[in-house]
Amino acid sequence: MFALDVAAHTGPWRSRHPAEKALLSLGLLVCAVALPTWPGALLSGGAAALLLAGPARVPPGVVLRAAWVPLLFVATSTVPLLVSMPAPTRLAVDPAGLPLAAQTAGRSVAALTCLLLFSATTPLSDVLPRLHRLGIPPAVTEVAALTYRMLFLLVDSVRAVRQAQAARLGFRTWRTAYRSLAGQAGAVFVRAFSRARRLEEGLAVRGYTGSLAVQVEEYRVSVPFVVATTALLGTIITVTIRVATPW
Amino acid sequence: MHIAEGYLPPEQAAAWFVVSAPFVIHGSRALVRQVRRDPDSKLLLGAAGAFTFALSALKIPSVTGSSSHPTGTGLGAVLFRPPVMSVLGGIVLLFQALLLAHGGLSTLGANVFSMAIVGPWVAYGSYTLVRRGGGGLGPAVFAAATLGNLATYCVTVAQLALAFPDPVSGLVGALAKFGGIFAVTQIPLAISEGLLTVLVIRLLSRI
Amino acid sequence: MVSAPLLEFVGVGFAYQPKHPVLTGVTLRIEAGQRLAVVGPNGGGKTTLFRLAAGALRPASGQIAVTGSPVRHSRAGLRALRQQVQLVLQDPDDQLFSANVWQDVSFGPVNLGLPAEQVRRRCDAALAALGVSAIADRPTHLLSYGQRKRVAIAGAVAMRPRLLILDEPTAGLDPAGVETLLQTLHDLHAAGTTVVLSTHDVDLAFRWADAVAVVSGGGVRTVPTADGLADGPLLAAAHLAPAWAPLVHRLLDRIPDLAGTRPHAAAELAALLDNTAPGGRPPQGTGAHRDHGNGDDACGAVAAP
Amino acid sequence: MVSAPLLEFVGVGFAYQPKHPVLTGVTLRIEAGQRLAVVGPNGGGKTTLFRLAAGALRPASGQIAVTGSPVRHSRAGLRALRQQVQLVLQDPDDQLFSANVWQDVSFGPVNLGLPAEQVRRRCDAALAALGVSAIADRPTHLLSYGQRKRVAIAGAVAMRPRLLILDEPTAGLDPAGVETLLQTLHDLHAAGTTVVLSTHDVDLAFRWADAVAVVSGGGVRTVPTADGLADGPLLAAAHLAPAWAPLVHRLLDRIPDLAGTRPHAAAELAALLDNTAPGGRPPQGTGAHRDHGNGDDACGAVAAP
């Protein structure tokens, strides 16, 4: 349903330990954001792009479709950086803004690539039950896991209801379209809470008394992967500091 | 309107985490207490989170031709109250970042502040004020959803302006620039969300 | 005179994901006035076929035509299609989104822009046809599953389609619910609607349909009911068990007293056996409704003792 | 020696709303090793009966006992009950709370407080028994309906219950899916689990169950399968159609060549007819699996030509 989620569940890195993938992609993400953009973001973003296309084998279409909306945001919000406002009623194109615009857009695109490397390789169901090890209360991670399970059912409902409404000409005019949208939201609301009630009954039968603890599959942490990741991050950091620091 | 991954400079991205953290921690404590009192509320909270996420699958037709989705902060705040929304909103924004690449991890603090904290509080406040002032359910919900959405938009603009002040006119100029470029889509969208939320609440109050 | 079929697929292909086609080169004719049962394995493409017919999906290749005119997927084209063809999904909750039954059924007619009086008349008629007039002002989410199914069908019927397509309408209903629904479909058909339904119950298909479309392996083969449901290899390819009724007919023909009788439901066979039992029990009426509409397989009446 | 039944209801009554009792004075014995099919109309109380048996509802009157000990509805009592009795609901999405198959199946054993190694062994065994080991690391939301059903059953099987109750396990499955599921239930039964299921398909009940419990009008009547599914008035009272198979057996006994043969599925009858057709077609294996477990109705083998 969500191409990134499907990629994460079917890709060659499916059975890697989520911590390995987090170290790699979130490490690159931190480098992209926190190091001097030139050359830090270029190196981290470039590494993430190569990893996406190479070993992680994420289809380029999946990446591009997911990147479209954030790229639109980046493009729109970079325009004000290229424009200056010398007086409240005057706008002027400001070539001096170009370096900042390029730096910001470059950092954002690089960081986005790193984010995609994480989300296209790491299923959330592997991550959420392990988050309590970071000190997040189990009640919160269990609510998050239930949200993750149920959102697919509900997004499915939204789509099905939208199709059914279209079949009965629900989007013919603006007026009917608003009525239809309210119908979708209302139907999904009712569905969400009837799902919760039914799941409550279904879990009662399974012996639920307050804990939703489960056993997570054990993935062995690959030492070579961690060593290679550390080396990659170390190289990016060293090179960036060397290049960016004036002698 | 989600600030994209990596768009904010690192110090500012970190600062928004610090600003949001107390609200989210307070909300989490409230959630943990509620779940301890009533274990079944875990399922209701999961459903509320999933519902909030699913609202982003609604496609509002917009005047600019592109379609956009409601923030759901107004509806969520009225139905589930702001403290819970800070946690649920945080979870939903995390999922939107990871499943859809809307928003990001480095900008999560900033987006949580605008969409899961300020938006719901403004929505809830407007709702309460209109109701106390003798307004009907419809106007109260309209105010909540429209102002909640607008507040989110204004906070996002302020976050961008703080990060990128205008070289000549400073913060004020940046507010005008960022505010202007997103106003075209965001103001009609806020009104749309208001109207839609009224219809939804009417529908729900009838069943 | 050879007229164009009500709905026609010519060489239609469709895939949700580029490399996994669900349907490949489907050719199918649905004639006006037909009763067609669509059978086939889960995941075999029945629902996809229906979504294509209703304009909810656009074929990747080939052409779909309604009464001879190709379907256009423009706004106007889809609007025209939707006044001819209505699809009722398997899960009624996917189609019910209004506060109460009346509002839900009126959704389509209101969207057509009809005047209030006509909307009312259409809703009344649709609710009556489905036997749910008495629950018109009830909230949809408080109805039983069977009631929700009927309300979802009423919503489609209120659009007055020429072709009504139902995806697994009998799934989840008990035998009495199935009988009532078949009676309703019989009445809608008698009133001029062409009805297509999908089912896993080959005996139901046998006793209800004129023709059977077997969907499997990406293709569709349409055969007259009696032939299709006695065609072992065809059924096996579609992972279907044979129907009892045509086998029972073969058995009956080997019993001199009963040769030529054509019961289409187990209840009819029970009545037949009780009436002709060697011991000679007194005859009993079956009371159950059923259709005898298989054009090329005229039903013998239940034999008298 | 008369031993206590595995599960026993004595005079059990239940009502969701005070004045509308769903069950009144139900008496029911489920013996260890039995295969019981529960049939009856929708809304007749089958699911309520199951929820009572699983301890999810508390009877308003009467008593429920497991191997002779009355069920207590305390935390400890329910905990003990759930290690004996597991219920699988009709809609798998009502029981699958985790987005990951392995995690979901592990919930019960983890909740029992078992050490990690035992949890793993139980999950492996349950996934293998249901034939879903290969999808253990798949997300629930990418599974087909049939796969989700199997995972939900695996979650119950991982609790190692003595009694496994399944509400409409074959609803929504295609005939091939039904056959595979019956094979699985057959294996679980052979491994020592007592299995109870509800179904609308009387022919399925006929060919699978030792005994049939008919739930209607607030009461339950248990009868041996062959008697129950040939009992017209009993079935009519429960809004059920008769099964084909027992009627076909009566027909077969009137054909000298075929007297005494006992096909339990249409495919078996088809094979029988092809093998003994007057024209004498070559014999064909049916290939289909089925049970011949009706104790008091021993199945004749399919006759050779």
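Chains here go by letter, A, B, C and D, matching the order in which they are written, and residues are numbered from 1 within each.
We adopt the following convention: a residue touches a chain if its C-beta (ideal position, glycine included) is under 8 Å from a C-beta of that chain, and two chains touch if they have at least 3 such contacts.
Listed by chain with UniProt protein names: A = Cobalt ECF transporter T component CbiQ; C, D = ABC transporter ATP-binding protein.
Bear in mind the structure is a predicted one, so any value in this text is a computation, not a measurement.
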item: Those chains which touch chain D and also touch chain C; value: A
item: Chain A and chain C: spacing of chain centres that average the CA atoms, whole Å; value: 44
item: Length of the line joining the C-alpha centres of chain B and chain D, rounded to whole Å; value: 49
item: Residues of chain A whose C-beta touches two or more other chains; value: 5, 124, 145-146, 148-149, 153, 157, 183-184, 186, 190, 195, 199, 203, 208-209, 212
item: Junction residues of chain C, two or more chains touched; value: 98-99, 141
item: Chain B: positions in contact with at least two other chains; value: 43, 203, 207
item: Touch relationships between chains, expressed as pairs; value: A-B, A-C, A-D, B-C, C-D
item: Chain A residues touching chain D - in the complex, by the definition given at the top; value: 1, 5-6, 9, 14-15, 123-126, 129, 145-146, 148-149, 152-153, 195, 198-199, 201-209, 211-217
item: Complex contacts: residues of chain B adjacent to chain A; value: 1-7, 9-10, 13, 28, 31-32, 35-36, 39-40, 42-51, 53-55, 57-61, 75, 87-88, 91-92, 94-95, 97-106, 160, 164, 166-169, 172-174, 176-178, 181-182, 192, 195-196, 199-200, 202-204, 207
item: Residues on chain C engaged by chain B in the complex (per definition of touch); value: 98-100, 139-141
item: Complex interface listing, chain C residues touching chain A; value: 51, 54-56, 78-79, 82, 86-87, 89, 91, 93-99, 107-108, 110-113, 141, 155-156, 159
item: Chain C-touching residues of chain B, taken from the complex the two chains share; value: 203, 206-207
